[in-house]
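Multiple structures are listed underneath, in structure tokens.
One chain, subunit A, appears in both complexes that follow, with subunit B as partner in the first and subunit C in the second.
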Partner chain A sequence: MKRRNVAAIAATLSAALIVAGCSKNKGDDGAGDNGQYETRNSLIGTAEDSKGPAPEMPGGRKGGTITFLQNNDFAHLDPAKVYVSTFSATANLIYRPLTTYKETLLPDGSIEMRLVGDLAVDPGKNVKNDCTVWEFTLKDGLKYEDGSPIKAADIAYGVARAFAPEAAAGPHYIQQWLAGDKNYNATYKGPYNGGAKVPPGVTVDGDKKITFTFNSPHCDMPFAAAMTTTAPVPEAKDTKEAYDSVPFSSGPYKIKSHTRGTSMELVRNEHWDPSTDATRHQYPDSFVWKFGSDIVATTNRLKTDEDPNMATYAGVDPAQSAAIWTDPALRKRSIAGSTQFVWYLNINTQRVTDVNVRKALNIAFDKTHYQQLNGGPPAGEIASTVMSPTTAGYKKFDAFGVPPAGDPEKAKTLLGGKSVKLTYAYGNTPVGQQIAAAIKEDLAKAGFDIELVAVDAERYYDVIGDKANKYDFYISGWGADWPLGSTIIPPTLDGREITDQGNYNSAYFDNAEVKTEIDRIMKLPVEQAAPEWAKLDQKIMTDYAPVVPLLYDGAFSLYGSNIGGAYLSKVSGCVNPASLFLKS
Partner chain B sequence: MFRFLIRRILLAVLTLFAISVVAFGLFFAVPADPATTMCARGCDQVTKDQIHARLHLDDPIYVQYFDYMKGIFVGREYGAGDWKRDCPAPCLGFSFRTDEPVMDIVKRSLPITVSIAIGAWIFELLIGVTAGVFAALRRGTVFDKLAISLSLVGAAMPVFFFAAILLYVFVFGTGILPFPEYVPISKNPLAWAGAFILPWLSLALINAANHSRLGRAQMLETLSEDFIRTARAKGLRKSKVSLRHALRAAINPIVTMAGLSLGGLLGGAVITESVFGMQGLGMQTVTAARELNMPLVMATVLIATVFIVVANIVVDVAYAALDPRVRLS
Partner chain C sequence: MSGTMEPMVTETAGPGVAVMAEIPEAEARKFVGLSPGKLAWRRLKRDKVAFWSFVTVVVMFVVAYGAPLISLLYGKDYTTMNSDLLDAYGRPLGYLNGVSGEHWLGIQIGTGRDVFMQMIYGMRTSMTISFVSAVGAIFFGVVVGIIAGYFGGWIDAIISWFIDFMLSFPFLIFAMAAVPIFANVVVGEAKEVPGWINASFLIMVFLIFGWTGTARLVRGQVIGLREREFVEAARASGAGPMHIIFRQLLPNVWAPILVSFSMAVPAFIAAEAALSFLGIGVLEPTPDLGRLVGQAVATMQLDGMWMYLLVTGGAVFLLVLAFNLFGDALRDALDPKSSR
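The block that comes next holds the complex of A and B.
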């Protein structure tokens, strides 16, 4: 998943399909004494878990139309191009990948999440037990919106399409694993212009079986298969660029109309069989998306409950979030909680080589001030770990044992009373300026002398992603593509990922011990890997402190009073439309 | 007259050409690669190169500019192989963000912008000019003072604030009106007008302030002229003197301002469109600029320029029609 930008770039770039495990099954592995791992019962579900129908939502009933308000139209609905959480959440109504996440609402209000088979009967078979060959068998009775059967060859064709340069906007995981190369389409460029309909490394056996063979182990394949890359596309229905507006349905809803930039209407797909689907419902008769409503208008319309059948993926207008947060009546009609994103202060370890200075920054930083300047509690919870609480195996710890507001005196002691001069770069926005001033003032109490450098907000990530940048620390966000440390720690803290430009490891952290540990964990089955990532998280923070975790990004949005079944999906970090119904 | 028109049209074409060159050049001056926004995380150089090749971003800038302009006049082809697409003239390219034809985006945004602009313009002229003229004719009265005060308030009022007040009063507070949602005039004229009444009022009441202040000042100046006194001395009715003689002489600066105001409104009333959640040309321009969506930026800039240039020509022609002293040649 992408870094999260301060403004609209987030909407376009932040990818999704992250999960979160939220059942709080305390299972102390003895690795730490100030926290426990919060894992789900079982990260990966069974064939039994993959069977439909999905358990009814409490009070769920059929009928009516739910209207979603949204600023911009979905840039993409083509399964080869979808990579943004709200696009995925909507696409989830229209088509089905090989695997998916089953979120079960528990009586205590928490959510249990498991990866289950969606089109496949289970989350995949690790044929050689070394994660190099993955086999998926399709369920019986799967049909498209025209009643024709869904075949394994259509999934292969869908994956093949993702190799096309025209589909570069989508995730690249499976293509890169199949090609065994980051430059995945240097030779095979998809099924167009005479290219093979089945990509290299994929084999189809009859109508039901599809196998992926990789050169190296990829134990995360069941999670990558939950991305829309594995959704079926029948070759005869491939309308190329037009497919991006009206994809062919294999899910509970099909597109009745889609007027770009104006509105989209989904109606029931009568050929979808709930007994084949373990996660989706088909409560409303239809969904209507209305585009063009900005965050202020959306907030006001939902706040006044103008139409009680309305919902949105958008957050609450930041200017009104504090007031809405403290209004009990409105809070009842809201979803709130952590998403997969985490905000960090990245310390440029190429320049700040003294680990005690990095630790002192962690100790002195006033995270409450940062939270307040970002809109208070709705902006997110104070963070202390690299991994978000939505990650499997997440372990709550604080490597420095300081209060959220920091401890400047303790930091001063660590610095030996000397003054340390550092440069802080920030995106030049009103909020960015306020945060910069606060950081300068707060860190001065610990003896830091901070020089502030404003950077053009549009170029901010290019600047901090440049290995040769001249700044000592700066803020960025990151969210994982699936709920494992493998999509957080390697992309952001593995020194081998560092290039001259466009770095996500913007702390430029390159440590031999950590790299060895990453290699070891990557070869483990995911269930074993999950707590190991959390241990590595703790080790990195305790021994090397390359970042200061600031906030676990918060989602906070409203919905109409007649909407039932709303919860914050740990998969997408927004409301899950597939569970919604109208109460009356 | 004919020579004047030809000259002005040639000048307009030159202006459009200059603006298109500047807009195209500015896009290339931005140190960001559009391929980055079109390619997901982990994008490799091969894929980026393929995107560059597909969009011809590696061609020299003058070649790209020439191809773009050629597309407008004779159309062009995009992509290659199975993904080849025709883009008939006037081709404005394809959106970098959504890959849809920019012409389609313009076709759905323009009616919204035109609806807002024309309605707001009519309202602002009706309210502004009428108030200004009557304030001048009744100088010193309560009406005059009220008109002056209100126009001062209007001139000082930011449109985002006034539009928000109207929304709170008529939509969220009282529910008298539903939240504005665009309906094409061809589909339901009443619903169309209902959707635009608040945007019209927001813009009109604020812009009317300028017309009323200018109208009043011009009328007062004209009313003190000798020819008005002469007309009155000849025994003409007061209303005839005011409307036929004074207003006609005072109208030229008002027409200038009205023409330019319409041109500006047609270029896109960004803030108004934003507050009322309408995806007009203004909103499209802002979003496109933020996303480095160059084909859409070019299209919206060119269209806004056309409106302003044409408004200027119309103003000049209207001058001659209204004031015989103006010689177009």
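The block that comes next holds the complex of A and C.
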């Protein structure tokens, strides 16, 4: 479950002063950029799709070194602990899980995403057809960086490691499903201190077959298996704490050196066989990560093309994003588009029980103004659905049929002309304050009387995640763990997920009809479930309006002029290093 | 009407006469008997820096406190968000930061509010907070300083120890921790903090930390004076501590007090701006000078936005500089021995 920090959007300070004289800003409404936000549906691929090698990138060429600029070192590279999307994008170069996403660039510039087998020959076999038993068979010819073969037992050991209490930073899906309990490591605590090398519920049959058996149906297993939890770790190579800095390679690159906080160098893994890999490439001779370059420095270095072989996961400095966005030369060397993150205005349904007030908030809210205050189109596209456009089955709809700038008159009619007093909580950042002032003024037009309450930005998510909070509405972001409604709607809008503290369902939305529908869809095979989630999304918005979708969070970052093969990965929401090459 | 005004005018001349005896006669020109107050005023009038800095301070006061009137004449207010004057990215349209005949100093990036209006209303907020804080801190500092200096002994020891304690207390960390707690206690959880309460918190924080310097200064002065002949004489004639403090000592420490007041105001203006910059000052939608500068600094890289920084940063600069220069000149005038 991923959360995006409110402070991330706050404007940052900058050192360089660039004055371009008295040029007149004639205005650019940001139109014509909407081609960036196309809709795709993710489907489960076949065994045929899972076969290597990956189709060559147009113009793909071997050789050279690509340098990545980054502020902080990767907190984790251990497959049991990797969760943050930029960590997994890098981990994707080093090791391979059972399944993975194959992103195919279509001629019209859009991306088709399919879940395919990675180490496995296909994206998993639903043995009993009820999603309780999943069998994966490994491909032939899989090798580690030392030439030794990858065995099914190593995957089981990798999953076992994820049960260890010290691996809590990683995703918990597979562990919880295997244990049949949210508190997954109550009894089995991983392979250390005498624990079994194969976790309960996992069976290994020879060197090629691994089976996961769950107590209840989990039709999302092929997607959960694409997380790093299922990457193989040979027991003999498990260096425990040190593994977090230098994991053992099963992918196209291996770690040559990693000096924490300074740099990391990846070089080719000669034992990686492209014919076994449907998604990765091995174009550059090496990748070098340089840490300690903050967002402003990174933006300025890439903007001036200091070294044409540089790239980054980091977004553009918010203060400069509009200038770079509107510069055609720089836009050519950028990736931009929607990510899996969506920003919502959560309406506390425990306090705002009148559905008409919630609908009126949806109708009156000026999303254009919100987008403008966040820096315009680079910050994201205006949203109207709970699910992001990167979700499988996504269907664009607007439950209220109002323009993005809202319709205060219509909202006023819905409220019956009466004044409604509501409290808005926000993280106290400079931009947060401006947005608060704007919300107060915009909603006043529809007859809302808004009280603004500033909350310490670092405590913000704790405050709104407290069930007993006294606020009526507040903004938060949510990103799906895999592109299905099942990691968006159940965690954020299922009443059974509500606890006293640390809630992700910060609208505290608890509705019997929606819960029944969630249970029904969860039991459906993924392909059938995808459109059903979109229908449920529409139903929730139309009938109950517990949130106001604001923006589909946008990714926008630059890369050097000699870099080829860059695209915005719909999996990680950043550039995919496994497709990059140097043009010359 | 005019008859009733008369006594008040004569009364204001009073304190100057009272201190005449303590200043050496050589200071005044032998042939004209001028009071020290008149002498100081004469020196101040001759000082060009003092004159212009005083004029600047007065103009800033008039502009800041006349903000509603200016708003009426100017036809704009500080709250209206002109999103139609911004492009889709929130940048002002037109030249620089949207400078036009309508908006003389342009509009704010992001919100599109009028910079001139935000600035003068922000000045009003900043100046009110810093003025009230300075008056309060000086008053408190003088009282504590005189008590410590005059009574000496264990009272002085305790007060001096407490002043040292306060001076070693980290101001910023205290402010960051205390302001949200104040808000919670006074306004209650999950309630909007009205602008004036927010301002009172800041004043309180400045009061808590602002009095120590003055108290030390006054204590030192009083220790130097309390054994002087005129105090001894008063004591010998049976004067009580109240008379000695207010009639004998206070008039003699008036000069350093005035100077430390004129120095405290710009210091508080700068501190208030810094706190707003850090997000613990006055909150939106109450306009504030420090917050304006903060936004201007964050966006100065953008085309033409240097104008925004120049205007808002310039206002803070001018305000602080004018007060400082005036304070300097005042010190020179009141105590010519200290500067030359």
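The criterion applied here is as follows: the second predicted complex is superposed on the first by the 549 of 584 C-alpha atoms of A that agree within 3 Å, B and C clash if a C-alpha of one lies under 4 Å from a C-alpha of the other, contacts with A are read in each partner's own complex, and residues count from 1 in each chain.
In this text, a contact is a pair of C-beta atoms (placed from the backbone, for glycine too) under 8 Å apart; a residue touches a chain by one contact, two chains touch by 3 or more.
Computed from a prediction, not measured in an experiment: that's the story for all the values here.
Visitor: Contact-wise, after the overlay, does A:Ser293 reach subunit B, subunit C, both or neither (first, second, both, neither)?
Guide: In the superposed model, A:Ser293 contacts subunit B only, not subunit C.
Visitor: Touch test for A:Thr326: subunit B only (first), subunit C only (second), both, or neither?
Guide: The answer is second: A:Thr326 touches subunit C but not subunit B.
Visitor: Taking the superposition on A as described, I'd like to know which of subunit B and subunit C A:Ala186 touches: first, second, both or neither.
Guide: In the superposed model, A:Ala186 contacts subunit B only, not subunit C.
Visitor: Answer with first, second, both or neither: which of subunit B and subunit C does A:Thr429 touch in the superposed model?
Guide: Touch partner of A:Thr429: subunit C, not subunit B.
Visitor: For A:Lys421 in the superposed arrangement: first (subunit B), second (subunit C), both or neither?
Guide: Touch partners of A:Lys421: none, neither subunit B nor subunit C.
Visitor: Once the complexes are superposed, what residues of subunit A are shared between the subunit B interface and the subunit C interface?
Guide: Comparing the two interfaces on subunit A, one with subunit B and one with subunit C, the shared residues are 12-13.
Visitor: Could you pull out which subunit A residues touch subunit B in their complex?
Guide: Against subunit B, subunit A makes touches at 1-2, 7-8, 12-13, 15, 72-73, 75-76, 83, 164-166, 168-173, 176, 182-186, 189, 192-193, 240-241, 244-245, 259-262, 290-294, 296-298, 300-301, 303-304, 306, 458-459, 462, 491, 502, 504.
Visitor: Could you pull out which subunit C residues touch subunit A in their complex?
Guide: 79, 81, 83, 86-96, 98, 110-111, 180, 189-193, 279-280, 283-285, 291, 294-295, 297-304, 306
Visitor: What residues on subunit B touch subunit A, complex-wise?
Guide: 30-32, 36-47, 50-51, 54, 79-83, 85, 97-100, 104-105, 108-109, 167, 171-172, 175, 178-179, 181-182, 274-279, 283, 287, 290-291
Visitor: Within the complex, which stretch of subunit A touches subunit C?
Guide: On the subunit A side, the touching residues are 11-14, 16-20, 22-31, 317, 319-323, 325-326, 368-369, 371-378, 423, 425, 428-431, 433-434, 436-438, 440-441, 451-454, 456-457, 469-471.
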